[in-house]
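Each of the next two complexes has chain A plus one more chain, namely chain B in the first and chain C in the second.
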Partner chain A sequence: MLDITHKPEPPGVTVALKGHLNAITAPELEQQLDTLLNSAHEYIVVDLGNVAFIASAGLRVFLACAKKAKRANRGLALCRLQPQVQQIFDLAGMTPLFLIHPTAEHAHTALRQRSASK
Partner chain B sequence: MKKPDTDCKKHPDAWHRSVPNCLPDVVAAASDVAEQLRQHGVSATAAHAVHFAIEEILTNTVRYSRAAQPTQIAIALRNDAVVVEIEDDGQPFDPLQLPTPQLSANLDDRQAGGIGIHLVRKMVSSLAYERRHNRNHITITVAR
Partner chain C sequence: MSGHIEAAGGNKESAARAGVIAGLLDVGIAVVAVSTANSAVLIADALKTFLEFIAVLLAWLAIRRINRGAGRNFEYGIGKLENLSGLLVAILMILCLLLIVGAAVHDFLHPTHLAGAGIWIGVADQVVFLGINAFLCLRGRRTAAQTNSPAMAAQARLFFTRAVGNCFILLALVLSLALTGYKWSVYIDPCGSLLIGISILLAAFGTFSSSIYDLLDRTLEEKHQFVILRELAGHFDDYEALHGIRSRQSGSQVYIEIFLEFEPTKPVGEVQRIINHLTENLQTKIPNSHVSVALANRPIN
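Moving on to the complex of A and B:
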């Protein structure tokens, strides 16, 4: 129901999602993001380009991940949000809390610069 | 509303579903209803709002209501709107009485819970609640 794939792009990693992010699939994503936050990757780019639906359980995963990333001084960005997913982020007031980019390349460039300036 | 059934999989009809109170059935039912609405010419935006509302309300029922029987969903297509009636025998739960969550723009202050029903209220055209015969009745209307 949600395919999760990792593509290391040092010093970061892209996590590409495909499917629905809901109460069933959110725990697995949270576990995988936690593992990546504890790995050597300096930042994570989550590609939501193939996510057609996000429930509040999915929002909670990203909120928790953003807090953990901040504490660990790791970068986190989201990219390619589809209109219905973007709408949920907007209505939840979560858009200002995240770095959101139109493409994975934009996200990597921004986070690489952030990482280099630390 | 029709007599409750025990297995929604026996009833592919979109207009009445009996959904066992477990998350896989809830998630599947919400997605199926949205797909069937799209097939009946309902806009993608409206179908998405119904998908989100059913999933959030029924997920809440599974987690907190202690309902004994499957949740009943009835869907009616009007010319201007989709009307969804959701009925369960769980503990009283009035979504209109939930406090509005603090949507702080500060990450450290932002709380994770309580957002689902709040979003449902924002996405639908109307939401009504009644407690009748020891059952919760939630009616949502979404403009087509």
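Moving on to the complex of A and C:
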């Protein structure tokens, strides 16, 4: 089970996840991130503070979305990764592909500055 | 790469062929021993040896079929022949177990002392085949580890079971002969055969569960999914979009399809180089994997 909530914080949006990100819940997250990447939001901050487990299917969603964000010239950042989740990203060699911040506020500030400098 | 696969296939076939020859010889000697003795444990051993020979023969035929078919026919699913032969080995082991239990019950009901020249043939047979089965078990284990083959793993277990069986039969025959002065020694023969039966039951259970598990197509293990993701993350700047990954495991074989989109202006030669690099890396890191990278411009579900 994965709860996905959106909180618009113009010019970006925070997507907060709660639960397990696995093969069953990953397609729903991918669909929602796709919609947001095609919306007017300049960047997306994904809050993983309440995600205790990510399976390979979940990582695959992030890998595909990182590509889509790059293509659409949108910012994508992750925040509040629990140590075991951070370890999974490290294991898959995906940490260097993302902007990872300790809090959602940090992520928004960094992405806002990045947007402004474009 | 194909040279490596052919060499592995050749090793498996040669190990299985050696098992067939040894099994045929064992059946011949066991039949001679049984026909000149009154031992129930030797009768059970002859039946078991015959069934084991059939099982080894089936495995050899399946491996031969796979090796001959390689590169010439459509190969999807042919690896299942190995698992099917493993399953058949397990069923034959259960039949053998029933026969051994039947013979042991008969001996308990009608006990007699062992007699006949066949007993000595049986003793010599057990000594020789104990050595042969131990050798084939070790060889099978080595080959199974090298080729990740469920059929060879089943064969190694089978030879181990046979070696243990040889030990028990040998012990039962020697004790029965040495302790003929005691009344209770007539029960050594059926007891020995029951112990062999237990070892066969355990081996059959292992072979059966392993073959059933391998026969079912299943999703790739997480550790291998991570290897794929790591490789794609490493090539992050080489492709334009990741449209999907399909993977499945069938027997010992792993099939992976990756759907990527490349920049339209990227030269075909460059795209081919990236695909080759991805494919080779994954096939090296994931044993028995067949990787194909397909071009796509929309998500593949």
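The definition used in the following text is that the second predicted complex is superposed on the first by the 118 of 118 C-alpha atoms of A that agree within 3 Å, B and C clash if a C-alpha of one lies under 4 Å from a C-alpha of the other, contacts with A are read in each partner's own complex, and residues count from 1 in each chain.
One rule holds for everything that comes next: a contact is a pair of C-beta atoms (placed from the backbone, for glycine too) under 8 Å apart; a residue touches a chain by one contact, two chains touch by 3 or more.
Everything quoted here is computed from the prediction, not taken from an experiment.
Participant: With the two complexes overlaid on their shared chain, look at chain A and say whether chain B and chain C clash or fit.
Facilitator: Taken together on chain A, chain C would clash with chain B, as the superposition shows.
Participant: With both complexes overlaid on chain A, does A:Ala64 touch chain B (first), chain C (second), both or neither?
Facilitator: A:Ala64: touches chain B and chain C.
Participant: Tell me which partner A:His20 touches in the superposition: chain B (first), chain C (second), both or neither.
Facilitator: In the superposition, A:His20 touches chain B alone.
Participant: Is A:Leu91 touching anything from chain B or chain C once the two structures are fitted on A? First, second, both or neither.
Facilitator: both
Participant: Once chain A of both complexes is superposed, is A:Phe53 in touch with chain B (first), chain C (second), both, or neither?
Facilitator: A:Phe53 sits against chain B, while chain C stays out of touch.
Participant: Which of 3-11, 39-47, 75-83 or 129-137 in chain B clashes with chain C after superposition?
Facilitator: Clashing stretch: 129-137.
Participant: Taking the contacts chain A makes with chain B in one complex and with chain C in the other, which residues are shared?
Facilitator: 55-57, 59-60, 63-64, 66-67, 91-93, 96-97
Participant: Show me the residue ranges of chain A that touch chain B in the complex, using the header's touch definition.
Facilitator: 1, 20, 22-24, 53, 55-57, 59-60, 63-64, 66-67, 70, 84, 88, 91-93, 96-97
Participant: Can you list the chain C residues touching chain A in their complex?
Facilitator: The contact residues of chain C facing chain A are 222, 225-226, 228-230, 232-234, 236, 239-243, 245.
Participant: Using the touch definition from the top, list the residues of chain B that touch chain A in their complex.
Facilitator: Residues of chain B touching chain A: 23-24, 26-27, 31, 44-45, 48, 51-52, 55-56, 59, 103-105, 107-108, 110, 112-113, 115-116, 118-119, 122-123.
Participant: Would you mind writing out the residues of chain A in touch with chain C in their complex?
Facilitator: Those residues of chain A that touch chain C are 55-57, 59-60, 63-64, 66-68, 71, 91-94, 96-97.
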